[in-house]
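For reference, the structures are reproduced in the following blocks.
Both complexes below contain chain A, partnered by chain B and then by chain C.
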Partner chain A sequence: MSQGVMQSDVGNHGLVLDPRTKLLLLITMAVFVLGGTGTAALWFLTPSLCILPLVLLLSAKKFISAVLYLTVYLATYSVFHFVGPKTTGVPNFLLLGTAGIITRFMPSVMMGIYVVSTTTVSEFTAAMQRMRVSERLVIPMSVMFRFFPTVADEFSSINAAMRMRGVSFAGKNAGKMLEYRLVPLLTCSSKIGEELSAAALTRGLGGDIRRTNVCEIGFRVLDYAMILVCIVPFIMLILRWFEVSVF
Partner chain B sequence: MIEMKNLDFRYANSNTGALNNFSLTVDEGEIVLLCGESGCGKTTVTRLINGLIPHFYEGELNGRVTVGGVDAVKAELYETARIVGSVFQNPRSQFFCVDTTSEIAFACENMGLPEDTIKMRIREAARDMEAESLLGRSIFKLSGGEKQKIACASVAAAHPEVFVLDEPTSNLDMEAIESLRRTILLWKSLGKTVVIAEHRLHWLRDVCDRVIYMSGGGIGIDLPMSKFAAMPPEKLQKLGLRPLSLDKLKNETPPAISGDTLELRNFCFSYDGKKQALDIKSLVLPRNGIIAVIGSNGAGKSTFSKCLCGLEKKFGGKVLIDGTACGRRALLKKSYMVMQDVNHQLFCESVEDEVRLGMSEDNEKDVQGILNQLDLLPYVDRHPVSLSGGQKQRVAIASALLADKEILVFDEPTSGLDYRHMKETAALFKSLLGKRTLFVITHDPELILSCCTHALHMENGGIREFYPLDDNGGRRLIDYFINNDKEEKNIEKTV
Partner chain C sequence: MKNEKLKGKDLINVGIYTAIYAVITFAIAMLGYIPIFMPLLCVIGPIIAGIPFMLFLTKVKKFGMILIMSILMGILMLLTGMGYYSLIIGIVSGLLAELVYKSGKYKSSSKAVWTSGVFSIWIWGNYIPLFTNIEGYFSTRQDYGQEYIDALTRLMPTWMCPTLLAAAIISGIIGGLVGKAILKKHFIKAGIA
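So, the complex of A and B:
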């Protein structure tokens, strides 16, 4: 997974959405599906929003994730509504608990997967800049995304070295295993981090001029459609609040 | 263009000075080679030119550095960065972005250039570096040579007046070195000033105008290339330098080894189930020899070594040792790889713990002997991370020997080493000759000719040639390293 975070090759974006739209989609999902805000009154909201990640994943040709999402979600949903009421006591409690957690978390998680696997770091940086987020925040974050695959690389080399030495989890000393992994990982990562900063600084990072960004981002028709989809539930929520306060 | 006057520099956590009263003037358009043994201060000089000293690496500095009229000591790093472009040794860690196009744009973006100009410069730089096919790719899927091309393009796109390269070829094969050579010649023709700190000298013979040999933080020799190249090879060796031309390399005829053999069977492997990354049906190799594994990047050398060490889970091949067939699991026990970055395989708090980790109990009595043989006895209580590169390599070898490993695989053991350290590594390998089977994956012809007994030349996952390194074989090897690039081109043309 870590190899896929913010690493998408150019040209594999599916429906082209602006990173800011994706962020809004993610927030909407989190508020209404994960947070469950207003779901009691707007019963149709959750299911309709849950379709969104499915459509987006399919458009990005992530078929395995899409199918997995559909099956797991439908299965837990039916368990929740059809099997759940027929059980009682502890099994009922466990069943409803698990199914409830999965139906609430999964759509947002899938949306998250869609977002990180279709956005490149440059798009992310460009979007942050357009939103006037301070460079002090944007640069460390983009370095972090740059660092994930590097750490994954280091980790697999260390793992290989451990296997050749015959050190594995089969032994009983799990604490030692952690130490054996962390010591080389820290040594290598800190060295790479230092070289990375030196290279970035010699390319003029941190100057007094406002950076340009060649990454083409911008709102298109599809973005406006998605934004509309996201705004509708919020408006409905606000309207409901007023009604409640009237009574 | 560059003026350094009476420089003294000492790194913050070191007792000895890196530079002592160092003065150097480089004219506009000059291509200067900085050479000398490890620790002579070459890298320090490059860091002073690009401003990393004193702004990033701290220490005590006296003296003046002016680059293109800018006082590099006082000016902020980003101001110096507009004049000086830097290419570093490790292609893994000099990229800020994750895709190639953004990486080339990065320096220009930092300068706040308009978008259209940047796009034009990306195209121009990619064309100049022959890297057009690499645009829009993920950095993590490029080979070392391709990464170095992108690094050059990224620097060139910012149009600096001065280029500084710090050991740029350490991780490159011959073809990539040739491409880098063309790049520097291009910069030369544009009248740029270039300073290269480097151990491998042969590719720079007709590139550099001037050679500066450094020792102990000062200038030892300052000659035009024509005069420097006229020095006899023995003199260069005495200075601790690698040779200036490969065709004069001498092959040290290796001693004969016993007739035992290792047999590789069904060494085939594919990562995606379609393209064969490794395709060797059967191969008989001499046991306990030192076998150099050569071939261009992407020829399957690292897949070969991973399979040989039993690290690829889906690998189904076998090695016949003494008539017993060893599959993947047995190979994992029998072989050991010393990685290019040895830091990946040092886990413990002291050298002694390190070599005992994974040791078979019968070897208890050999611990002292092997530590002594590898000159590690004075360091048994030191933390492995605090040792020098060569010492770390020896610790890794000691642990492999004590774990009863039959097959040792070395991945680029001499990348970035000067002549003396390379020779030390070669001597170490020779001391293992006849005791273990060594596979040395390398792009370093000097190392191969100093210690290896056989050469295994891989291309496209298969074996192109396998030959003993006697006088004839030595010739063949040198030919390969000199003509490799031309040959590749001819093949491309005929296809």
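So, the complex of A and C:
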């Protein structure tokens, strides 16, 4: 996952969607699948929304992620519904818990992977500018998304180095775990940050003039279709609220 | 340098430290599945995340940086399905934290510790749905299993609500003190802070 997160050259975009549409898709997934809003009443909603990331991943030619998603999701879903009710006590707790967390998180995580791997930072910035979001939020946000994989990368390297020196839960210096991991992480992150800001400043970030952007973004037919797909569950939710207050 | 607009460099710094802060918070939040750790997140989170936060504060010299970080954390919580409460709380507590740090002219290190305490209030926002709407909260989490729900309900009587708020602030202050000690031990020597 560390390659291709909001990189500047994304080879195939698959279905070309506007970044704003992708954001709406992400929010819809977060509200209905991850947040689980209204799933008790709209039981068919979650599974149908879960198909979306699969289709999008396939369209972006991310076959490995798509197949992995399909297998893991189907496996946990069937465990949850067929094996789960037959167990009790601690195994039930563990089994339902693990399956529940995976079925809840995986679709949104997959959607997140699709969004960050098919959107470039420039496209993201362009979309945000179109939405009139202040630059004070756009710049930190794009830096943040760009920086997540870097933090994860650095952390795993530091982890490996520290394990070699016996600073781990199993090793003899378990008490120093936190300090010996966080301090190097912060040191190298702040160095990388300085380089990043130097690079960005030479490209005119933070100047007084409004920056131009070469990315062509805009809503196409496909975007409208996706927006429709996203709006339907929200409308159903609102209708349901209305119904509840009437009766 | 004072009373200036936020420049590109400041905004990039906000982004970088928010990323570190968020990664640490999410790593800790994974513990929340074990019911006993759920209320403890309020304590562990701010203490550990206090270390990067204190380093971040040494880079803060202008009004708005802490507020932006707080809003970004709120947006992240919204995107990861924790609800909108932490965004609302985060805007208020971020502004308060900003004012506390500003009163120390953006360099007082004892004010920085207090700032860390006030800033940590945002994490309390994640717990609000547990108290205001407990049935609603669990109706969306049925798939965690009844045992989890029972264990968590036992752990979360109403008096826990103010307790958690106090816990967030106090552990934020502890995190600030730990962060300050680590800054002194490592970063000032290395010329980073």
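Just so it is clear, the second predicted complex is superposed on the first by the 177 of 247 C-alpha atoms of A that agree within 3 Å, B and C clash if a C-alpha of one lies under 4 Å from a C-alpha of the other, contacts with A are read in each partner's own complex, and residues count from 1 in each chain.
Everything below uses one rule, namely that a residue touches a chain if its C-beta (ideal position, glycine included) is under 8 Å from a C-beta of that chain, and two chains touch if they have at least 3 such contacts.
As the structure is a computational prediction, the values presented were derived from the model and not from experiment.
Novice: Regarding the shared-chain residue A:Ser157, is it in contact with chain B (first), chain C (second), both, or neither?
Specialist: In the superposed model, A:Ser157 contacts chain B only, not chain C.
Novice: For A:Gly100, select first, second, both or neither according to whether it touches chain B, chain C, the two together, or no partner.
Specialist: It touches chain C, and chain B stays clear.
Novice: So in the superposed three-chain picture, is A:Arg165 touching just chain B, just chain C, both, or none of them (first/second/both/neither)?
Specialist: A:Arg165 sits against chain B, while chain C stays out of touch.
Novice: Looking at the overlay, does A:Met141 come into contact with chain B only (first), chain C only (second), both, or neither?
Specialist: Once the two structures are laid over each other on A, A:Met141 reaches chain C alone.
Novice: With the two structures laid over each other on chain A, which partner does A:Val121 touch: chain B (first), chain C (second), both, or neither?
Specialist: In the superposition, A:Val121 contacts chain B only.
Novice: Considering only touches as defined above, state whether A:Cys188 meets chain B (first), chain C (second), both or neither.
Specialist: first
Novice: According to the stated criteria, A:Ile209 is in contact with first (chain B), second (chain C), both, or neither; which is it?
Specialist: first
Novice: Contacts for A:Tyr180 in the overlay, against chain B (first) and chain C (second): which applies, first, second, both or neither?
Specialist: Once the two structures are laid over each other on A, A:Tyr180 reaches chain B alone.
Novice: Of the partners chain B and chain C, which touch A:Leu196 in the superposed model: first, second, both, neither?
Specialist: Touch status of A:Leu196: both partners.
Novice: Indicate the residue numbers of chain A shared between its chain B interface and its chain C interface, in ascending order.
Specialist: Common interface on chain A, chain B vs chain C: 142-143, 146, 150, 179, 183, 187, 191-192, 196-197, 200-201, 205-207.
Novice: Show which residues of chain A lie in contact with chain B when the two form their complex.
Specialist: 3, 6-7, 9-11, 120-122, 142-143, 145-146, 149-150, 153-154, 157-158, 160-167, 179-180, 183-184, 187-188, 191-192, 195-215
Novice: How about chain B: which of its residues touch chain A in the complex?
Specialist: That would be residues 50-52, 55-57, 76-79, 81-82, 84-86, 88, 90, 92-99, 101-102, 105-115, 118-119, 122, 136-138, 140, 154-155, 158, 306, 309-311, 332-333, 335-337, 339, 341, 343-348, 357-358, 385, 399, 403 of chain B.
Novice: For a test of understanding, state which residues of chain C touch chain A in their complex under the given definition.
Specialist: 6-9, 11-16, 18-20, 22-24, 33, 48, 51-52, 55, 64, 68-69, 71-72, 75, 78-81, 83, 139-145, 147-148, 182, 186-187, 190, 192
Novice: Considering the complex alone, what residue numbers of chain A touch chain C?
Specialist: 26-27, 30-31, 34-37, 39-40, 80, 92-93, 96-97, 99-101, 103-104, 108, 135-137, 139-144, 146-148, 150-152, 155, 178-179, 182-183, 185-187, 189-193, 196-197, 200-201, 205-207
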